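What follows is a pair of complexes built around subunit A, which joins subunit B in one and subunit C in the other.
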Partner chain A sequence: MTEKIPLQYIADLSCLALEEDEKKALAADMADIIALMDTIKDIDVGDAPITEHISGVRNIMRDDAVSGSMAAEKVLSNASVRLEGCFVVPKLME
Partner chain B sequence: MAALDMTKLTIKSAHDLLAKKEIGAVELTEAFLDRITAVDSDVCAYLTVCAELALKQAGEAQKAIDAGSGGMLCGIPVSIKDNICIEGVRTTCASKMLENFIPPYTATAAGRVMDAGAVVLGKVNMDEFAMGGSTETSYYKKTKNPHDLSRVPGGSSGGSAASVAANLALGSLGSDTGGSIRQPAAFCGVVGLKPTYGLVSRYGLVAFASSLDQIGPVAKTVEDSAILLDVIGGKDQYDGTSIEVPETSYAASVNAGVKGLKIGIPRQYLASGLDEAVKSAVLNAVREYEALGAVAEEFDMPSLKHAVPAYYLISSAEASSNLSRYDGIKYGFRADGCESYGELVSKTRAQGFGREVKRRILLGTYALASGYYDAYYKKALQIRTLIRREFERAFEKYDVLISPTTPTTAYKIGENIQNPLTMYLADIYTVAVNIAGLPAISVPCGADENKLPIGLSVIGRPFGEADILKTAAALERALCG
Partner chain C sequence: MPYLPTIGLEIHVELSTGSKLFCGCPVSFGGEPNSRCCPVCTSVPGTLPVLNRAAVQYAIKAGLALNCEIGLFSKFDRKNYFYPDLPKAYQISQFDLPFCLDGYVDIELNGEQKRIRIERIHLEEDAGKLVHDGLDKYSLADYNRCGVPLIEIVTKPDIASAQEAKAFVEKVRLCLLYAGVSDCKMEEGSMRVDVNTSVRPVGTDELGTRTEMKNLNSIRSIVRCIESETARQASVLDSGGRVVQETRRWDDNKGESRAMRSKENAHDYRYFPEPDIIPAEFTQEQIEALRASLPKMPHERYLEYTGKMGLPGSDANQILESVALADIFEDAAAISANPRTSASLIIVEILRRLNDMGLSPEQIPFDGAALGKLVKMMDERQITANNAKKVLTLMFETKDSPDKIAKDNGFAVISDVAGIKSVVSDILKQNEKAVGEYLAGNAKTFGFLMGQCVGALSGRADPQVVRAVLQELLQKGQD
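Showing the complex of A and B:
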């Protein structure tokens, strides 16, 4: 299974730090799931275009007018860690 | 207040009692809160009960009723799925990731029902981030099917369906990405409507798969579903995919009848894998429709057999993108003891998401990854085109299509949860509707030998909600009198 699906690579792309036992369980699950997904590979779709979005609406820009925005305190209210009106992240550079 | 038989109460009948002053809005709300206290420890539909908010809203509703300005939803107690934001009310998506999330704004659909005077009793359970078909992937609790507490209520809007079926709310708002309103409605013996993509604003709905998600009503009757849809539908400036549609009353359409209606039944939906009791109930419904003057026939939709893998590829790809926002920084769960940004994000996500959500993120990331994109995601989007075209051709000939909502009735809690593939394949009758953006409604059409409800789905043209409502209502009248 790990040969067919590079689980560690996909987990890294997904930003998921999986524990070893979970990786094993997920590898087994994913093998079954991918086998189902593989059934579409042989379907002849001809030159059918893709449908990304069903309604065909396009991006609509709102009027270029100044309007209110959410107060910073409200924006920050759900952050686990905040400091002096800012979100806090671990150090990015040495 | 005279003794109230809450099992017989509907939105419509409660509205009539409120309008005639035979009950008060506060008394009605108190009756539901009391029942939640008495019964919900068994059913486990609610994640958060908003007693204080509900009583305040009921008081306001009574003032509107007294002033003669209350509409059909004024004073009506409802529940809201816990992925639909209400400012100041905890919204968890049934995930550890959002255990303490208090939305700073209200979803348009929830705002519209509250503006119409509805009373929000609380937020109800669901599969984590709406990923699942049994409400068993909730981080918090397992909701039970009110018809048999050893069985699942369906999902992902299992709390919505169970709260209505157990008379713990008169209606509910759920969300449907691949059947998440219709399937639990079928399992719980209530009515669930997935609107046309774009009819109801998704603003404030926590995103799962943005090109498929729709908010819709769960209620006891078709008419009640129409009453809720009348309120939540319509263009919203905060959702660029919501669409302006002509002003209409869906509630007024339910009595139109089906004489002369042309009904198509995709042959692929009656094929093997369908439980005999479900098939029999659906075919019996067809005979009822024919007796009412409709014309029904089977026809082929060959691309439907590819709908499940196409759906899981598209929805998971979109989910993997949408859920990338959960990084532990701006809101939600944050892992402890991380020294770098990368470690914080990847540990937060590993510890904050449950197993099913991780499966979908991994599948979606895989489908979008370089080297796999064309074989999976692009191919799924081409199949989406084939399915859409087949529906378009079908609606040149038929007014509505009907199918079973689910291949079986509600199964036992724990029976399928260890086998994700079995769960995915059970979505066979619901996912194509989302892929094509169509409206569909599940209405009860019978019961199996264990008295477990069976649901029939009626699928309509884009914005053909009036057609599916009148079709579902005709069966409801024929079966229930």
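Showing the complex of A and C:
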């Protein structure tokens, strides 16, 4: 089962660098999770409509009202590095 | 070998709601970086986004303005991607059940009409802004734009030239402006266009490989980019190469594009239904109420202006460029019952003053009723055309009504002949020499005397009446 998990591909999509032993362990975990989810296939759901949202409720919306923002200083308080009022992040494009 | 381009567009338009799509942070342009952020739009774990009702209504209005079918059931999906412009590492967007489907816009080019189909319009959150300039290994992230409501309009590949693309984007922009859902300011990034281009040899049907050019922010760069990319693909094919499917970056300064280094799997977004946002459901009555709330679209107005109102097409288009001008024009035309003079005052006089003063049509300090009143005063010969222009200038400065301005400044026409006669007869007394010359047969002197009279009346009298009075009084002198 674990060989069916495209683990390297998923790691690439998530920008995760994984060691070989981590990959093996994660592939085994994911195979277990998928196997568990596959048990749903055995349930006869008859003509039940597709569930678009598990809550079953609709139209929870808010009015278009401005409620104020945080001070920039507070927004940036989680930034490990900041410059000119901005978060400094690694450059990801050419 | 000659090639034909096939072009599809994705137009991103920021909606002009007061607050963001999922939180109460304000939507505006400029300002200090990261000053319009909260735990929701900066993706602090444990926060819960709640959908802005107005954004949903605007998205549906946009769809109605662009002739779309509106889905009565719609939901949001999570689009996973790893890029620091959205700190959640996913964007809340719509995948399979967007608000709007199957629309179209008719464009006109060289007198021919063509229908460009719209595949879908979905609502999503905008991403933040990354500044890459000047830093080597780092970028600066400003999250003010994170969570601003954005619609994405996706066309079918129906566009066959740069000029068609231009006409389409201009028409879409105008429709959205009239629908009142966005300011569509391309220079401020509230309307951005991605262009997908492929070419195929003339006479063949199979579409070529397409490339994508992202984030074009002016009509000019859209046109140049399509022309450049069409030529580039043709030359690749002509030299025996093949076009690679890729995202390219357009450099407007150099007028050329280059391939962006992109990861192979960049387009695998692993969409899944967004658990944090509750689906939206509408009745047909609710959709019809939104449709009824839309003002008349620019193409309907064009037909009215050029039809029963009798404006030339170029004048109609100039007025329709701005919703504010169109509204002023329609009110002025209704009050004055004179669309042509109303239009010419707007196009010649008002636009020139706006240009001189560096104002936009939205900043005109008077309404269409006031302009209509001025046109009516001209038509009823209460004021001359020349003085009407002076009144217009003062309407920009004083905010007074045109009749008050005319009265206060002595612009009102002297309509009783007796009043004019007394001024003219004074002039003749002051210019006995010229009168003598005229009576001696020098007809040229009439022009001089006429000038004196018009000057003394400072444009307050109908020149034709002045001329008649002058002739009458001179005739008397001769007798």
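Methods note: the second predicted complex is superposed on the first by the 68 of 94 C-alpha atoms of A that agree within 3 Å, B and C clash if a C-alpha of one lies under 4 Å from a C-alpha of the other, contacts with A are read in each partner's own complex, and residues count from 1 in each chain.
What we mean here is this: a residue touches a chain if its C-beta (ideal position, glycine included) is under 8 Å from a C-beta of that chain, and two chains touch if they have at least 3 such contacts.
These figures come from a predicted structure and were not determined experimentally.
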With the two structures laid over each other on chain A, which partner does A:28 touch: subunit B (first), subunit C (second), both, or neither? neither
Regarding the shared-chain residue A:80, is it in contact with subunit B (first), subunit C (second), both, or neither? first
In the superposed model, does subunit B or subunit C contact more residues of subunit A? B
Contact-wise, after the overlay, does A:69 reach subunit B, subunit C, both or neither (first, second, both, neither)? second
Contacts of A:54 with subunit B and subunit C, given as first, second, both or neither: both
Residue by residue on subunit A, keep only those touching subunit B in one complex and subunit C in the other, then list them. 9, 13-15, 52-55, 57, 59-60, 62, 70, 75, 81, 87-92
Would you tell me which residues of subunit A are touching subunit B in their complex? 5, 7, 9-11, 13-19, 22, 25-26, 29-30, 32-34, 36-37, 39-41, 43, 45, 48-55, 57, 59-60, 62, 70, 74-75, 77-81, 87-92
Across the complex, what residues on subunit B touch subunit A? 100-102, 104-105, 197-198, 211, 237, 240-241, 243, 306, 308-310, 312-313, 320, 324, 327-334, 338-347, 349-350, 353, 355, 358-359, 361-363, 365-367, 369, 375-376, 378-386, 388-389, 420-421, 424-425, 435-437
Within the complex, subunit C is touched by subunit A residues 9, 12-15, 52-55, 57-70, 72, 75-76, 81, 83-94
In the complex of these two chains, what residues of subunit C are touching subunit A? 17-19, 23-26, 32-39, 42, 50-56, 73, 75, 80, 82-84, 97, 130-132, 135-143, 260-261, 263, 265, 268, 270, 273, 275, 278-281
